[in-house]
Amino acid sequence: MSRVELLSPEGLRIDGRRPAELRKITSTTAVLSQADGSAYLEHGNTKVLAAVYGPREARHRALVLHDRAIINVEFNVAPFSTGERRRRTKNDKRLLEMASFVKQTFEPVVVTTLYARSQIDIYLQIIQHDGGTLQACINAATMALIDAGIAMTDYVCACTAGWVEREAAIDLNHIEESSDTSEVTVAMLPKSGKITLMQMESRLHVDKLEEVLSLAGEGCKQMHVVMDKTIRDRAEDLAAKMAV
Amino acid sequence: MASTLSEESRDSLQIVLPGDLLPATESSFNEDSASAPIIKLGPGLQPLQDDTISAVKAGVLKHAEVGNRWWVESNQRRYVAAPGESVIGVVVGKTVEHYKVDIGAAQTALLGVLAFEGASKRNKPNHEIGTLLYCRISLANKDMEAELECMNPTTGKSDGYGDLKGGFVFKTSLGLARRLLDPKTLILRILGQHIPFETAVGMNGKVWINSANAKHTILICNAIKNSEFLSQEECVTMVKGLVDRL
Amino acid sequence: MREAEPSTNEREFVLAALKEGARIDGRKFYDFRTLRLSFGSDYGAVEVQLGNTRVLAKVSCEVIRPFPDKPTEGFLTFNTELSPMASSAFEVGRQTDEEVLVSRLIEKAMRRSRALDTEGLCIVAGEKVWSIRVDIHFLDHDGNLVDAACIAAITALLHFRRPDVTVVGEDVTIHTLEQRNPVPLSIHHIPICISFAFFDNGERVLVDPTYLEEQIKEGDMTLTLNVHKEVCAMSKAGGIPMELDQILQCTKIAVVKVTELTALIQEALEADAKKRQVSRK
Amino acid sequence: MSEIAFYSPVPRSSNSKAKSKGNHSNDNDMDLDEMISSVAKNSSTSATLHVVTPGEVITTDSAYMRGHGTYVENEKVLSSVAGVVDRVNKLISVRPLHTRYNGEIGDVVVGRITEVAQKRWKVDLNSRSDAILMLSSVNLPGGVQRRKQESDELQMRNFFMEGDLVVAEVQSFFTDGAYSIHTRSLKYGKLRNGSFLEVAPALVQRCKSHFHSLACGVDLILGLNGYIWVSAHVPQNLDEIDTEQVYSNKNKEDITVQDREAIARVANCIRALAAEFIFINDTIISFAYEASLQHKLKDMTKKEIMHQIATEAVDAVENMKG
């Protein structure tokens, strides 16, 4: 198997980034008319759309919790999102796993006790895949939840980092991801700096772990700045319009 | 119950298996039906079409002279509600009139919100979901949810029933729970010699323990669980060993 | 059916006991329950008992055609099902979040970490490769299914022997177990999962939680490591937020635990191998 | 100034009095007070609106009470939503701009029946759970005053059926936070003769009246939950209302094409305002209606025309205020 050179002798990555450089991030909120909150987010070529409905009357009465809201997440990957066109069944374990991660990430952050007996639905759609789907989903879901006016104690910002050949690098793209580099996705609460989600695959020596994790943490903080700007701009814009 | 054992079954434990016909009742039952004594069948016994009686559970055949009652005592884990028995349950739901209480039986049991000492429409205790309750089964019918009460219906007093505060609850087999209620079983008394504690034993195999600190409670719980298949002497050594290690 | 939640008393007692430094089964915070491994008469059948949790793993193999884009790669598949046998909370047919997470964790721990040399499973490139299938059955659920399943899976793979093969030109002969001694799989390293449960805002960390502890926990994390101190997989799926230091502390605990467990597994395998030798004589 | 008081400008004197009493003289307190007073001074410029995002510290002064949209951590008041800080004396709350309906008792709301249940209807109000309309909280046809009987229970669907639209008032809250609403007034009840539309609940202002009759012959109900009902004009003289017909499902027969067009025009005007996120009340709708008359009805769905109408309406309102 021919190995791709992931890091040039000058220390630049395959797409020309430096190791600690994020891809270009584009984000907008309120992109859908029907959803209570929605967001569209691009991490380079990874594109994801998130819609939030709720808190609303729970669909299945049997699942209702008497003291807090239930969070329901559905995650979908468009068949055209990858190089190879492929339809995934709804019960694909990977999709369910991703949905479950997002759900468990937001459960402690969303103030669910304010919305007893109701349901919050988060729908995620990957439109284009170029690595880092989990980080993109979490970031998009955060923005959509805030857009829906749902109470959260903090942002949840996610970022990936990995060990690319001889250095720790941030925000891996698809080529870097798929060539057996160890990759970790970290979701962080920027206010406290605490980690709420962490997923790692492929081998990495314990001694390198701290470096990779702290780099991912730095990435999360950068994400926070970007997301907060989008949210704040939108809030200020709406507030200004209403103040007329 | 042990004190009402008939003479014949005191001599030797009679073990029955599902499908076994009962010899003792066979003779008395085959006689002219008018003169035959009335037999009351308890759990584990079933009359067949040809008027013989068959065991449907594995266990020890028991007999009480009073009322000529026969039943099979088995050591099962699933509880079947029977009126008059004390059980420990967890509140799992609330409606306007009832608490839904999980007593480990096939269905949740109903406990009226007014079935507490001194409860009235104006002033009734409020138990949150998750509360542990010690209650008595007032009504058990195989086609209906069992009904519970937390007071003596004749005197209106609580008689020790009600919510259990603090402590820890664990599940045992029904047989062990029955034995714990038998004053002849020593394990609780042995433990009591070393550590002071409170306990409530439900016939549904739930045992509640409370003591001054968590480590003692853990010790007591584990000692009781361990005691199920130990003789009295072994129990004494086991408890001593545990207490010494503390 | 939704599983019955533990009563308030149990919840509060467990938390109070943890504050006093005690667990309800008398263990220390970082203690595993007693691990018992028993092997079946066949190669690759292992039953793991971790306290009351019981998991059975069985490895089987067959010869199939490889994917055209990976002609020399063999297959390694895991099949996990949380059957209603293990707990009254499980149902047939419906995939729960827990089931998805457990099976994905095992898959990530074993496959993504390349514990098994899948290229070594090739018989004739592009034509015939071995497909190794690990069936994991959960028999009794008293918490920490992941660790037990992971131990079961890797031990079963270590214990497994596949039939020997000779290739002469185009002809492939698969020898029965009577004809030739079967050969073991080539395993690169032994990944071991260590699960943690967090209480008290992450202040208290437990290893190998029981079912009751799992119901009460505020968050959890599973680390997969091998004796070479390599992290093979790491999974903290939401739950309470933790400091980075707390997570790194967990990896340190895990490194120790992995060494202990690997030793136990190897001891058990050696004992079984000896037994087999004796019985053959 | 606009009608929305983002900050109630607390007189400096009373504020400092409170401060000296409570002896809170830390710097953060100063910051917030100064900021708020500066906001109050030039609140006409929107740039000074105090916008916060989740997790942001609003004040570190523990003398403040936390209201909606905030939480307290380590004695600091933090925001849990993205929105505008509202301060009433010592109560701090954050109002998210785009959210589901959060009601108060006495609110006029428009809702849709979703379920007929035991002695009650469930009503969708665009809030976090369906509101409850008890059988005992509706009027009987003909205005009969008596207790509801079993016979009434059996014919609940003759009053309101699934899908019916109602206008009602928020009566109380249940312990789990669900709303209880009532229609025990002739103003409230079933909606007919018109068209329904939905806007963000935050846009509908709390006014003296939510029932309006526009000059163009159109009636308007502005539900505070963002549900709006635009209908053909019906005489509002309470004596003339046929109390037998309050639950009728029939529209009145004499709705002309002109009426219908006026309804559509008003509805489109409201949509145009909502698309620009502008406050909605009867005045601005009237101005928008006038501005729209120069356009064909069918053109009113075009984005640039909607924008034009909204801008003209806003200008008209500003002119009126001088």
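Letters A, B, C and D mark the chains as written, and numbering starts fresh at 1 in each.
What we mean here is this: a residue touches a chain if its C-beta (ideal position, glycine included) is under 8 Å from a C-beta of that chain, and two chains touch if they have at least 3 such contacts.
What you are looking at is a predicted structure, and each value in this text was computed from that prediction instead of being measured.
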Exercise. Enumerate, in label order, the chains that touch chain A and chain D alike.
Key: none
Quiz item: Centre-to-centre on C-alpha atoms, which chain is most distant from chain B?
Solution: D
Quiz prompt | Pair joined by more contacting C-beta pairs (B-C or A-C) | solution = A-C
Practice problem: Indicate, using Cα centroids, the chain positioned nearest the centre of all protein chains shown. | Solution: A
Quiz item: Approximately how many whole Å separate the CA-defined centres of chain B and chain C?
Solution: 40
Exercise. Report the inter-chain centroid distance for chain A and chain C in whole angstrom, where each centroid is the mean of the CA atoms.
Key: 29
Quiz prompt | Centre-to-centre distance between chain B and chain A (centres being mean Cα positions), rounded to whole Å | solution = 53
Self-check item: chain C and chain D, separation of their C-alpha mean positions in angstrom
Solution: 56
Quiz prompt | Partner chain A, residues of chain C touching it in the complex | solution = 2, 95, 97, 100-101, 103-104, 108, 112-114, 218-219, 221, 225, 228-244, 247-248, 251, 255
Quiz item: In their shared complex, at which residues does chain D touch chain A?
Solution: 2, 4, 6, 46-47, 49, 51, 53-55, 69, 71, 73, 78, 80-84, 96-100, 114, 122, 124, 128-130, 176-178, 202-203, 276-279, 314, 317-318
Quiz prompt | Contact set on chain B toward chain C in their complex | solution = 90, 92, 102, 128, 130-132, 164-169, 208, 213-215, 217-219, 221-222
Self-check item: Interfacial residue positions of chain A with respect to chain D in the complex
Solution: 30, 36-37, 54-58, 66, 69, 111, 115-118, 146-155, 189-191, 228, 231-232, 234-236, 238-244
Practice problem: Using the touch rule from the top, collect the residues of chain C that touch chain B in their complex. | Solution: 4-14, 16-17, 19-20, 22-26
